[in-house]
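See below for the structure under consideration.
Naming follows writing order (A, B, C and D), and every chain is counted from residue 1.
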Amino acid sequence: MAATIQHARQHWGAFNTWQNHSLVQHRDVLLQAYQQVRQSTISLTDGLSAEDMNLQSMPETSPAKWHLAHTTWFFETFLLNRYLQDYQEMHPDYARLFNSYYNGIGEQYPRPRRSLLSRPDIDQVLEYRRYVDKHMLTWLSGIDEDRFPEMAKLVILGLNHEQQHQELLLTDIQHSFSFNPLSPAIAEPLSKQQHPGELQWVDFPGGITSLGLTAEQHQRGFAFDNETPRHQHLLHPWQLANRPVVNGEFLEFIQAGGYQQAEHWHSDGWSWVQQQSISAPLYWSSEGSAWHRHTLAGSVELDEYAPLSHISWYEACAYASWRGCRLPTEAEWEHASLACNPETGQFADDLHWQPAMTQSAGEPFSSLFGSVWEWTASSYSAYPGFCPPPGALGEYNGKFMANQYVLRGGSCVTPAGHIRASYRNFFYPQDRWQFSGIRLARDCQTG
Amino acid sequence: MAATIQHARQHWGAFNTWQNHSLVQHRDVLLQAYQQVRQSTISLTDGLSAEDMNLQSMPETSPAKWHLAHTTWFFETFLLNRYLQDYQEMHPDYARLFNSYYNGIGEQYPRPRRSLLSRPDIDQVLEYRRYVDKHMLTWLSGIDEDRFPEMAKLVILGLNHEQQHQELLLTDIQHSFSFNPLSPAIAEPLSKQQHPGELQWVDFPGGITSLGLTAEQHQRGFAFDNETPRHQHLLHPWQLANRPVVNGEFLEFIQAGGYQQAEHWHSDGWSWVQQQSISAPLYWSSEGSAWHRHTLAGSVELDEYAPLSHISWYEACAYASWRGCRLPTEAEWEHASLACNPETGQFADDLHWQPAMTQSAGEPFSSLFGSVWEWTASSYSAYPGFCPPPGALGEYNGKFMANQYVLRGGSCVTPAGHIRASYRNFFYPQDRWQFSGIRLARDCQTG
Amino acid sequence: MAATIQHARQHWGAFNTWQNHSLVQHRDVLLQAYQQVRQSTISLTDGLSAEDMNLQSMPETSPAKWHLAHTTWFFETFLLNRYLQDYQEMHPDYARLFNSYYNGIGEQYPRPRRSLLSRPDIDQVLEYRRYVDKHMLTWLSGIDEDRFPEMAKLVILGLNHEQQHQELLLTDIQHSFSFNPLSPAIAEPLSKQQHPGELQWVDFPGGITSLGLTAEQHQRGFAFDNETPRHQHLLHPWQLANRPVVNGEFLEFIQAGGYQQAEHWHSDGWSWVQQQSISAPLYWSSEGSAWHRHTLAGSVELDEYAPLSHISWYEACAYASWRGCRLPTEAEWEHASLACNPETGQFADDLHWQPAMTQSAGEPFSSLFGSVWEWTASSYSAYPGFCPPPGALGEYNGKFMANQYVLRGGSCVTPAGHIRASYRNFFYPQDRWQFSGIRLARDCQTG
Amino acid sequence: MAATIQHARQHWGAFNTWQNHSLVQHRDVLLQAYQQVRQSTISLTDGLSAEDMNLQSMPETSPAKWHLAHTTWFFETFLLNRYLQDYQEMHPDYARLFNSYYNGIGEQYPRPRRSLLSRPDIDQVLEYRRYVDKHMLTWLSGIDEDRFPEMAKLVILGLNHEQQHQELLLTDIQHSFSFNPLSPAIAEPLSKQQHPGELQWVDFPGGITSLGLTAEQHQRGFAFDNETPRHQHLLHPWQLANRPVVNGEFLEFIQAGGYQQAEHWHSDGWSWVQQQSISAPLYWSSEGSAWHRHTLAGSVELDEYAPLSHISWYEACAYASWRGCRLPTEAEWEHASLACNPETGQFADDLHWQPAMTQSAGEPFSSLFGSVWEWTASSYSAYPGFCPPPGALGEYNGKFMANQYVLRGGSCVTPAGHIRASYRNFFYPQDRWQFSGIRLARDCQTG
């Protein structure tokens, strides 16, 4: 299968969607980027049947087919309907069927029922994509030069939006497949990893730092509204682990009875553990002392040296507490990440779709970008002076600033070129179906 | 579309599975029946996409693909695995994936998650059907003559089982399609019906009658265990309506405020109406004074003269109470039905799949068989002396004899030749996705 | 404590409310009965604190204080408000607070929240009782002679209603106390019972019998509407056990793995067992091999020779199946009970409030009346020709004829003189907080 | 009633529990404080019946009786059991019955069922209080001088704990009473308030500030662990409203359709509004254009000039967004509060128990302390370097640092002398039964 998949997925990732300033300046580059990002989404579904693409295993996930349609709806709704004169929607009902959560746009088909949309079928959705792509390319080619930069910015938002759904498409199908005893696979198993070395601490002295996109970055490229405005923040001396926690280390927590000891858990986390009978990360299963993990490569033996993933914020906090440590704040994480290059690491384009440890020469941290998203101690909230854009696009990020916690750094299913130091991902503290892991932090002993 | 469907569905119903005694006596007739029933199941899915066939809109329904596989599993489990020497199952996991509820056979994949089984896909399930059919035909052809009658009886059980799932396949896909704003259709709308005439009462004097399959029938053909043993029952004088309730009559109940008046409802029914905000039969919707129904022919205008369907037992009882009547007991219904021929009426083979009124010459009742299942006042329970067969097949009917109510007579999606006077169907009092309707009864005024 | 309780409860049960024809004929006898029944309700609360009397442990149960008020409301609503000229309700809100389920009377305070009614407090409720009693006695004394029999019938209905709530008051407080680790007690433990003897079968030949109140009984006394009309019913030959199942016998079922074997259970019962993790009758608990029961006398050792109680219909059916038997139908039970005197047995007036086996000289059955209610195989439904009274009193029984199963014979907390052969009690198949037990039946082996 | 209540409540509040350094230094002062705080708890229950004191209207609230017992248990568990030699618990089961959430101490009686504990009754709980008080006084009097300061700190923690439960006792009984149509009252209605004046903004330039208890305060008195360690924090220029939002202002939000416009709400808040059908603050009800509020003084007319209370964090955020403002962060709030005296304001000792506006001479803010708790934008989390104490007391605050938002300033039911600038209260974003209100903030227009 691997050969086919490699071939089908060749369209991946030549473009960096966030700091390639050519996108706004050169129309041909943007046209090429548009086609490549759109095509790479399709390539992810290689090996998936029509039934696979319509799976939805919980309200939080969506069918692959729905992702394909929704990302298309985004371009149709926020660009073609608004800026392409006389544009006719391909189908009058798609506006409602494929609106995710934009109340400003109109009614939405109920999210938990997306898998009930057997129609339009996958062929019709692919036709929808071609229809919108054709009009997008026509429109993009014809925009007046003076309006191009403004319009290009919206297209780039659409491309970044599509990249986010590329990641979700993979995590959602992994979740759906976890309920099938036949253990479907759409990737190759990774070979066993090497010992990651003892965890080491990197010291930071604290002081005033700046968070959010730099002016230069903002000039050059793209950021979501939630990364702005850039602002100053006071840090206290801290230490950050040189690498993420690996499976074998978390196994020690399990074996030491970590899931049975209330003292390491938040009160809500302890209730969650007990009510849901949680005793291991998502996708882990054991027979006797042998552990397996459900992955996009099917069921594989647990690799004790691979980065831990698929844990909740509650588990991350409990593990950190048990180790006498804590999670980093997002400000600490972002400050530390300035030492690393966000363009190197293990990303979706590698087609592994299972976390491995990476190390770039000259960097103090392994796998800071890519591999696994790293839970932070920070509740997801507005930066000082935050102001979402007007209209329905203002719903993109701001309205989710309640009850969620921030993750940083991207994962092995994040498209390369999509992540950056200031990038803020967010999920609920019980969520586990993303590639979420842990990088430990602690206060400096002598403060 | 109709032409194609007609063609594809030509395999329907030449056989009467319950009183064709040739089935047990003539091997070639049984072989032909087997092929025809199996083929007619496939024909039902004509016009359905792979995604359509994997829909499951509530735990009580199953994907069409699952019905195709489960009916196949039945023959494999209860015949091939037991009686065909050296039979190899096509796939070791199918036994678990496609077991519905037979605890005696082993573990079952959780019923509410059947739509998560994207794999095996529809092509693999069709291959499974062909694999089992091939072995069934080989095996049937080779059974010793003296064992044939005994084996034939099990095959006929399997065919009746498959016919039950043919009906469910249609009612389940109708339910799933009801959530799709695109209103998918797999049948042609019916033309508007004629006035059914004023409801008239047929008198019965009461006395001792016999219920359950007659000895002659049992000799000649097939019955489920729950129709036995035949036994005597004392009836009190009663009257039965000459035809089922039609939509226009139920509309009067709605317009008179029937859904807002507690006095007509059972206490549990009233709670159900209020908690679920019920104000019309399932699939009915109104804009202003215009009512529409979701059907297998898509959304159609409500036909006031067509038999009412898709109501709960609670609604049936409330309507009867509002009319100063009651539902018949199943004993009354069965006794009255002796005046009609169960082989005539509106059945699935007509391909209408929406209820219409029928009248056979010389019979006192319209649509007693076919058109809509008729709720009775009787809780589903064991007949005196009932004894289920030993082993897992004993789970077929007996274990459901709690909390359900009996329906009689078959419907427009019941295969012709499957229904009989003693046939007992059963559903929970809140269930509405079957073609369930009402035939009124009342006590004789002068006792 | 016992001495005080004995004294306080001396007002119990001198009257038989259902066959004492003097009640309708002699005003002084009715006046005396009224006072005695009302007083005996109060006596049940002896030893209960204000907090005890306001407990409600689940929606199905009610606080003792609420029972005291609701039974009073019944007389106020259906008698004083209707027939006593210029009667002024003591409080305008009580009509709503203490209406149980009579939609015809008006809105009801939500049932699951009855324990939130800290006010009126117990003193105010007792004052309400005195207020209504005073008016009832005045009114009863002054009714015209010719209207007296008609009014007396309503009063007798109210007294029977109050007796039903006497039983509920005790079963509800037992349930509430079961959540208190301090094991409150309001009765004395029973001494250990004698071996009940091997279970024996009593034969019945079947044939036509009559069910429901006899004309003579109806002339003489009281019956609920659901016991009428008297009608003929055809019975098939059967056998009935001479005594109820005892704890030790049910323990054998537990020890044989009965709660883990699906084959003995209804499908709904099996789901109930698994979802609720049921492994023993309600109120049973074990440490090692020692079993205890929570009773109204606190926690006591399980007495293997005492009649089994506090089981669901599902458990009753599963046990019967495991023994190769079945439950009797209510018709069989009623027919068999004609051999026993409903006025003898273990009733609430004995103040034991825990089941013991009783045997009346010359009767073929032990404990048929009293001790424990006996689940039957019969779904609770209307008798042929049943017609509830008009108005709100028509809600007394009829609207509950769905989803419940009939129990017969009364229990150790039923007031003596309240039960009769035709009496139909009914609960949901999962209900266990009543004194519900099993008497086995089976079909005659040779028909 | 008022006179009696005034009398009974005379024991209130002579002591400031957090900055009265005499408590640690002078044994007689601590003894007096202990008696006064303990007695003032009792005084709150004046006018409550035994049934009132056992009410529990939702899992988050507790019966008054339980508060009386739990605060006593705290002294028994963390002081007498540990430090008073040969101390005998009054009852062996109370440790389990009255443990709230300390897993380190042992099992807890299930929180949602506290109202099922009719026993011990209120007299026994009062006896428990006397028993523990007697031993506490004996023990306190006999402690060695050198151990006294250390022990005194634990006693002061217990007194602050008891004061927290004084507030909860009042908010919980208000919630319980809201379900009683009789509208019970335990306070006097407030007279109508004066116009609060147009809202004005107070400017703050930002810069580095220090949060948490000052060293001097810590030396002098008491703080909870979650207020420590004191640390520096960088503030950005902002403005804070001079007074809280009043009812009339919130009414404008309602009348402008605020509860129907998704754009002002967090996504989770919008779901909450729709699923719970929220259309006004808790305890508000309207008939036509007249609004009433349920209060501890019964049902009263809405006073448009009184501070708004009983709203969720979601409502606070939506209102702020609708006004083009935001909530202050807890750092902003604490910094601003340095301009006010936490010992003046409307507190529980005033016995009003309904919010009124207060203004202290020379202070820029009205009602910053007292009146209503003010929701902040800050998720409740650990301060940099936070380290909870070892053992079960470490569960006091730390384990709740997930999913809750911080409120500041105390309310009209907070005991005087209990609040301070660094005090952090926290509740879930949907919680409304506390006296929670809004003080608006906004970013400085010119940054």
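In this section, a residue touches a chain if its C-beta (ideal position, glycine included) is under 8 Å from a C-beta of that chain, and two chains touch if they have at least 3 such contacts.
Predicted model, so just to flag it, every value in this text is computed and none were measured.
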Matching interface for A-D, options C-D, A-B or B-C, criterion over half of contact pairs identical, gives B-C
Subunit A to subunit B, mean C-alpha position gap in Å, rounds to 47
Rounded to the nearest Å, the gap between Cα centres of subunit A and subunit C is 61
Check: subunit D positions touching at least 2 other chains come out as none
Among line, ring, star, complete and other, the chain touch graph is ring
The residues of subunit C that touch subunit B in their complex are 101, 103-104, 208, 231-234, 236, 262-263, 265-270, 313-314, 317, 326, 377-379, 381-382, 384-385, 394-395, 399-403, 429, 443, 447
As the complex stands, subunit A meets subunit B at residues 49-55, 57, 65, 93, 96-97, 109, 113, 115-122, 176, 179-182, 184
